[in-house]
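Chain nomenclature is as follows: A, B, C and D, assigned in order of appearance, with residue numbering initiated at 1 for each chain independently.
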């Protein structure tokens, strides 16, 4: 009973401490993962990092067991978003323990990082998370259309710059694939400066592409703003409906 | 009859498969076009790419024929947006077949890419596409005014930087045309780093221009956000009107 | 009478042609001004450019005279926005004619460019221009506050980076004035790449500054979006009020 | 009485002059601080700057005394936002006077800069400042969630680029900490050009990260736009409520 309160709920004292401990473990796990990428570590430290990581994984295994044991519907938990992430992180770890050195551990370990999203379930930010989620849902179809338009624009931009610059700078714009890299870096306005047009035609083309691109880049901001406003409006409409059903007179 | 269902409609099984096949062909055509820009391909592969492209064009020709044959109003299809794109892509291909090597084929072939926009007609995204289209229509006049203001700002920025930097860096800011390139790269915040001011006056000028520019860059986002909100509102008003006409009492 | 129709109004045939001719003259003036910045022009061409510029100025003088003669209230026109721009452009030109070579003509000539804004008065875009103007008016006070916050953030960012990087890169961050240039280029996300932090402290500071900066950069978009929505709402309210006064029942 | 009017209020003539003098002192203090970072100043000028700074601090001390003396509730002023800033600036200055040269004075002096925010209390911008404050308050929880998502995205981006580029460019992507710097510079679209991917995998990864990143960068603009619109709406609702209470009929 008490155990269930601790693991499954976050409105009890024990529950809050359990949540905080798990978050601390995740942060420790992220820090260890980061440290282990530093090259030229002394072997002793590397061994210590490995040991600490093992301890954390054992604790995560215990947490996973607790979550299954205390779940109202165990099978549903296993198939839930967090259930699958937890299981994947654990299974891949134990598998890589068995065949150490055979594959690149880092990509696998990064999966564990996804657990950090549990933090979004923290009480205080539940409303904000739900609102952003709702805004994203409203904006989803428009976002797909926008993404598609962006891909087409990137391709057209790359074809164009390839046409203008492949003679002048063959080493930088030698195929559409190289030009696509330029298009991505330019249209997102990152502009590393590793590739840029030098011909007049290429510069005029860049100008046209950027004018369109500024419109393209503006779309997500517009989508999110309108999505958020719709989500807030919907929340109010729901609140009003609840009020009316309860019998209170609407304001 | 069956053929018409397949070609003209996307709510039948045959229609969906037809649409998907065409989209697949377009993607294959894009991939082939990209591959043919890679320099130093072995001649055998280049021949194979050419052959594959020919096959695809023949299939596009068949598709174009089917669309004309099954159209309710053939002349209207020929003059429609997609009708003109399809015809242009085909005609230019067959013309370039006749005079191979006489002109740059790539720019012509890129026209075919526009066919990819047919994907926007996919059922699921029709509402989103229509909404974005409506938002853009609402924002059109403001966008023209904004575009004009951007061009003027670009020109003034270029005149100013030319004044400050033409002495210090004559090779980079030697005329307004060179300075315009700097203005485009700076005001869109791409910042390649191929040209930047080094004098105190030029830097102060850049600062003033960027403060104005940040406002300018923000305009499209504002236009799209307000356009989308108007489009959503209008959709609701229409839905309400339809409801009233049907006889249902509005909520 | 006829002359007044031509100069003062844009809803008559003569008025439209007058407006277009003036716009053409402005564009020609811009092109001439741009060409005269190209270095190493042959003297003959330079003379021709000067002559063409003189002709344009004479035509502008005629236009200014016509506008005064046909104005309902001449003194008000002289003191209006366009009246002052026109007069400044003319007076400075004739003054520089008298003392040729004594001062840099370019900065003075650029003033003439402001006349291009007359284009905003074109019939079709009057509503859009008015709406953007109204949105900007609504957003003005917030924009001043935001501008002030940006300046403070720029200064703090510059003080911080100077603290971290002045030892490591004395040639790039040797005083707050140099660091301010870095702050401007970074916070506007231009990122030329002429100055960037290399110490750990400087990079952490840049990270903090950029997180704040992304919020700052987002403010103008938010201001313009909300300003536009208010302007549209206000237009509707006005339309409704007019309708009611006329006696029609509001929808 | 008169003194209280001068120090505490800004709607009297004396009050306005007092506010302006304080603002002038702050600006002078900022300019002095900036000048003292210029390297290689002659000793005489450095002494003069130090003296001027001492005078300004004395004046700030007088101002702080006046504010305490004239406050309605002295203890509340001392603990208020501006009270703490003022006290910190003064105490740190006098402490550093006693142990000159023992610590870096600049970081401490920068605290004084925060006083510049007093300007936000100027009459004219009180409404705008309050509105922005309200918009930020509405957007706060969403901003925290967004910030957290940004941090996670930055980390995942850094892990990924480290995986792809650590072999090809070990000096630039040798640990996650170096890769994080790349992630910050890329996702904020600054793009200095000091580190960028050169492998195909790294470039594809950058593309994916930037597509997500453009959505992320758009969130603040959306939050601020919707926050501002809510703040304006709320202001109107309040105005209507006040009107009703006064007895006037709502429009």
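By definition in this document, a contact is a pair of C-beta atoms (placed from the backbone, for glycine too) under 8 Å apart; a residue touches a chain by one contact, two chains touch by 3 or more.
Since this is a predicted model, take the numbers as computed values, not measurements.
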Of A-D and B-D, the pair with more C-beta contacts is A-D
Would the interface of subunit C with subunit D count as same or different, where same needs over half of all numbers used to appear in both copies?
-> different
Chain located farthest away, centre of subunit A as origin (C-alpha) = C
Can you grab the rotation angle between subunit B and subunit C? Superpose on CA, round to the nearest 5°.
-> 90
Roughly how many whole angstrom separate the Cα centroids of subunit A and subunit D?
-> 28
Chain centre separation (subunit B, subunit D; CA means) in Å | 40
Residue numbers in subunit A touching two or more further chains are 189-193, 217-218, 221-223, 225, 229
So, in the complex, the side of subunit B touching subunit C is made of residues 141-142, 144-146, 148, 152, 155-156, 159-160, 162-163, 166, 170, 174-177, 186, 189-193, 196, 203, 206-207, 210-211, 213-215, 217-219, 221-223, 225-226, 229-230
Which subunit A residues qualify as touching subunit C in the complex?
-> 189-193, 218, 221-222, 225
Listed in rising order, the residues of subunit D that touch subunit C in the complex are 30, 33-34, 37-39, 104, 106-107, 110, 113, 116-117, 119-120, 124-125, 127-129, 131-132, 135, 143, 147, 150, 181, 184-185, 188-194, 217, 220-225, 227-229, 232
